[in-house]
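Structures are listed in the sections that come next.
After this come two complexes, each holding chain A, first together with chain B and then together with chain C.
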Partner chain A sequence: MSTPLTNTTVAPRLFDGLERIVETQGLSLWYETRQVIHDVSLTIPAGRVTALIGPSGSGKTSLLRCLNRLSQEVPGSRMHGEVLLRGVPVRGADWPAHEVRRRIGMVFPRPNPFPLSVYENVAYGLRLLGLRRRRDLDAPVEEALRAVALWDEVAAQLDEPALTLAPGQQQRLAIARALILQPDVLLMDEPAAALDPQSSLRLEELLRQLGRRCTIVLATHNLQQAARVSDFAAFLNDGRLIEVNDTDTLFTNPLRRETEDYVTGRYG
Partner chain B sequence: MRPGRPLPSAELRGDVGVWLSAACLALCIALAAGIVVVLVRAGLGPFWPQPVVELVLRDQQRLLGEIALEEGDAWILRTSETARPSDGYVRVRRAEVLQVDRPADAWVLLHADGRRSYRRAAQAPEPGATNIVAADPRNALSFGEKVASFGRNLRAYAAGGTGEGPGMLPALAGTLVLVLLMSVIVMPIGIAAAIHLHAYAGPGRIGRLVRGAVGSLAGVPSIVYGVLGLGLFVHGIGGSIDRWFYADRLPVPTFGAGGLLWAALTLALLTLPVVVVTVEEGLARIPVAQRLGSLALGATQGETLRALLLPLARPALLTAWILAIARAVGAVAPLMLVGVVKLAPSLPLDTEFPYLHPSRQFMHLGFAVYDNALASPDALVGVPHAYASALLLVGLVLTLNAAAGLVRKRLRDRYRAFES
Partner chain C sequence: MPMSTEHTHLNPHISRQFSNELEDVRRKVLAMGGLVEEQLAVALRVLTDGDARLGAEVTAREEQINAAEIEIDSQCTQILARRQPAASDLRLVLTVMKMLGDIERIGDEAKRIERIAEGLVGEDSHGEEPTAALAGLGVQARDMLRGALDAFARLDERLALDVIRRDRRIDARYRDLLALLTDRMRQTPDAIPRELERLWAARSLERVGDRCKNLCEYVLYLVRGKDVRHTGLARNEDPAAE
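The block that comes next holds the complex of A and B.
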């Protein structure tokens, strides 16, 4: 097993000038007896879009779920190693799981709006924080919906069930739902997996905009999407981190044969 | 299949299966329909006004009355009751009857003491003179008047009094209050237990053990729960309450005898497994993505349950409630041990503070069926009353089911997108 090619090994200056907002150190994850993440040490720079690429089953989703401790909700899962948020271990005593998840938001592959109105879907996270009155919620809800370019489309149907929206709208609603908590990091797990090409393009445009003001980790097996949207890219295969670099270098000039095979489509 | 024996063709085998299953289904439907038809006929039939006949016997004796029963070569004739209700039955052999008339001037008179008598008269008898409370010229009634009479009979029986026993209302009220009290007890406990099993107990060995145990509890015969209720609630808890708080009234028991509260608790025990299993299945059917979506927004397990999972599981909660009611209403045997009576002096629910009287004994439709059918002083009236009680019981269960089903359908419609 060869050492992964990361900022610590081949590109020490890769994240210069950037805050290392999330870091994993020797992270491993088991489901029952099956190990799905092998000793991953990965740095996520603040204020940039980092893409996790790799074939299906390579551990992208599992790695994302380690970052916000969602993996612990799977019965029989076991995690070794550390995840640091701004240098503090997320599994430490200072961090209850729900606090971590408020700081690290997540969007799922399939839109999963709650069976509530559009408004209540977006306000869900704030209501959990104890905000009850509608006049306290109105402004943040509108801001979150504007941030995902959904406000103009749904302003007239805020009290309609969210399930009546189109899939593309539902997915942007899910992003607004996460954004309203003003998370430090937004984890996106194949956010366009269930969308048609046009909605998918709109979503990418949104990701590029959001990437300017928020840290995004995007797990995708759509290489074009990763190339268009991300600043940095990490290639995962079989639960192992193979190579990390800025996106252009990784796609055009990979150092590992494995990476080259994948990004040129000869693999996976 | 041994070699050498040809398989029947696939189509033929399919046909046999189709016919066989269709026959079984038809049998089920016929049985269900049969129950309803029998209950309606036998339960409502006796309230339809029967013609009054006059039998002329060989010895020139004339008997006026209604034919209550045909028994082989004899008739049981209900004739005028002279001293007390139901003392007027006469057995007449058909061979002795020369002639059967239906005199148009026959009157059926109802007396204040509940007796019924038959008389031929050209004019309506004077009311009040002989304690007559009602009189009808039975054979001269038109169809419309018969329908009205049917309605009056039914109403009189339901309301009770006039020699027809306590009527149905106390038993109906007792059944309803019992089932509602039972629901109030069993639903919160059952839902909480199901939540724990679903969210916290996990799939490990202990969880499996508990689930298996809960499942087998559902199969314990109801009379066993009756004995448990008698020992644990009536004698155990009830006896202790009496010793501590009502010592001055002993040996007359207050809570130490069967009563509404103990019966409701016993039925709650009886229906608990059904509620736990149904609610847990409902929670398990909710898509994982919903739960994860809520957790990912920083909700705790408890907040996710309250804000999302329980509202989504509402159809399952209703289903659990329906099943609990169905099982509770059908369980008469345990009630006999913990407080049901043939005739309660007062309702468990009335206008007197504190309105609900949990220590009182109560009447129950299911018990009324049993009591009327087997223990009525007048078998010829009791058995039809048993059918009428049974019909009312079935009606009550169907009404409750239909109401809950309607609510459940509306909830389902709202969440339909999640079923796929």
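The block that comes next holds the complex of A and C.
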């Protein structure tokens, strides 16, 4: 066992000069009596890609879902501690859940287009916000589709069902659907899980570009993907935050023995 | 130092095959180092004892060393491509790839010294001061090589630091020998060709010291995860304080 310092080790000065857009403070989560997140205090720096890595069941998805209050939708779930968005608790009175989810968007492992046209899928969020007229929607829809490098591929089939797109395109569509609401943070839960290697690489390329204009938190069990895409990486094991570091260091010279075991594929 | 003690006792890989591949590379580097040690030992024996019968052996061993370099290098490339190693595994592969070049060149220097020594056989230089000084330089270089290989085998930070510090001593001894040889050339111009040969041999031994220092800097990178080259850091660290 490595030295039990605290339940997390963060390299000093790691986030110097960066805005701490999301922070969790002593976050714990239970599903019924089972605790799945243990006292996690994690900083997400703005305008960077942060990867959450860890084995299956380590709490990556649960932690992501705490950030935009999706976890509270699970019956029997209970959360302790705080999640702060720009210093304000997301569970506080200032943030209704739909507003939190507009600012902190989410992309799921499997592409989940609505049974609507390509266009309506992207416009969906804005329609919910009350924008009705197509001429108000055209420009943001195009911009969102361009941001995910999908415009050139689908411009001629905007009115066709989104379900006719290839899986890689569907996943980029899901990202466009989140981006159109101009979120501060985009949560991505294994976004390449259902994609072939080529589509995965295109998605990774997209994540790198998006990471410059919005904050991305990427939960992945694909270590190579985390290494390629992220600026910072946080290693979770058994619902506990083991180490946060810049990605270069975490993959070449991690601070903690448990991290080393995990990234080198050893028995932990 | 957080890494050294922990990382020598890492858990086994989930893929036993991967563990075997890394262990195989490590073992082969040590075996290659052993060949180069022998090469240097033979060169020194020819230099000090004037036994020129060992030349053929040196040529054969050089081929083995070159073959080992290519084989290990190719294994490292395979590991990088197939396993995408991370953390200490990645550092091990990178360290080995860098070490290979220096170890191979130490072998080259040894061969050069052996050739020079062969040429000096029959020059009746036994008991002369430069021969003794060269032998002393040779012993230092050989000990540094042994130390560097041991430091790699045991991931021994203190030993690596110690070897790095010894490079200064070998440099100083080389300069003394250089002064001595220059002096002799001035006094006995007829002996200039012979003294020049000795100078090349001394230069080669000094280069062996430099390369051993490189090896130890790679070992420190492997153990610590930090590059200490060109920092002056390693040289100024006191191994006893570790």
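FYI, the second predicted complex is superposed on the first by the 256 of 268 C-alpha atoms of A that agree within 3 Å, B and C clash if a C-alpha of one lies under 4 Å from a C-alpha of the other, contacts with A are read in each partner's own complex, and residues count from 1 in each chain.
Keep this in mind: a residue touches a chain if its C-beta (ideal position, glycine included) is under 8 Å from a C-beta of that chain, and two chains touch if they have at least 3 such contacts.
What you are looking at is a predicted structure, and each value in this text was computed from that prediction instead of being measured.
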Note to self: Should chain B and chain C be called a clash or a fit once both complexes are overlaid on chain A?
What the structure shows: fit
Note to self: Is A:Ala178 touching anything from chain B or chain C once the two structures are fitted on A? First, second, both or neither.
What the structure shows: first
Check: Taking the superposition as given, does A:Thr252 touch the first partner, chain B, the second, chain C, both, or neither?
Finding: second
Next item on the list: Look at A:His221 in the shared chain and tell me whether it touches chain B only, chain C only, both, or neither; answer first, second, both or neither.
Entry: neither
Margin query: For A:His98, using the defined touch cut-off, is the partner it touches chain B, chain C, both, or neither? Pick first, second, both or neither.
Written below: first
Check: Regarding the shared-chain residue A:Glu260, is it in contact with chain B (first), chain C (second), both, or neither?
Finding: second
Next item on the list: Determine, under the contact definition given at the top, whether A:Lys60 touches first (chain B), second (chain C), both, or neither.
Entry: neither
Note to self: Quick check on the superposed pair: does A:Met106 touch chain B, chain C, both, or neither? Answer first, second, both or neither.
What the structure shows: first
Margin query: Between chain B and chain C, what opening angle does the Cα centre of chain A see in the overlaid model, nearest 10 degrees?
Written below: 140
Margin query: How many Å separate the nearest C-alpha atoms of chain B and chain C in the overlaid structures?
Written below: 34
Margin query: For the complex, give me every residue of chain B touching chain A.
Written below: 202-203, 287, 289-300, 303, 307-308, 311-312, 414-415, 417-418
Check: Which positions of chain A touch chain B when the two form their complex?
Finding: 68, 70, 73, 75, 97-99, 101-102, 105-106, 108, 110, 112, 114-115, 124-125, 127-129, 161, 163, 174, 177-178, 181
Notebook entry, point to check: What does chain A use to touch chain C in their complex?
Noted result: 2, 223-224, 227, 249, 251-255, 257, 259-261, 263-268
Check: Which bits of chain C are touching chain A when the two form their complex?
Finding: 2-3, 6-7, 10-15, 18, 84-91, 224-226
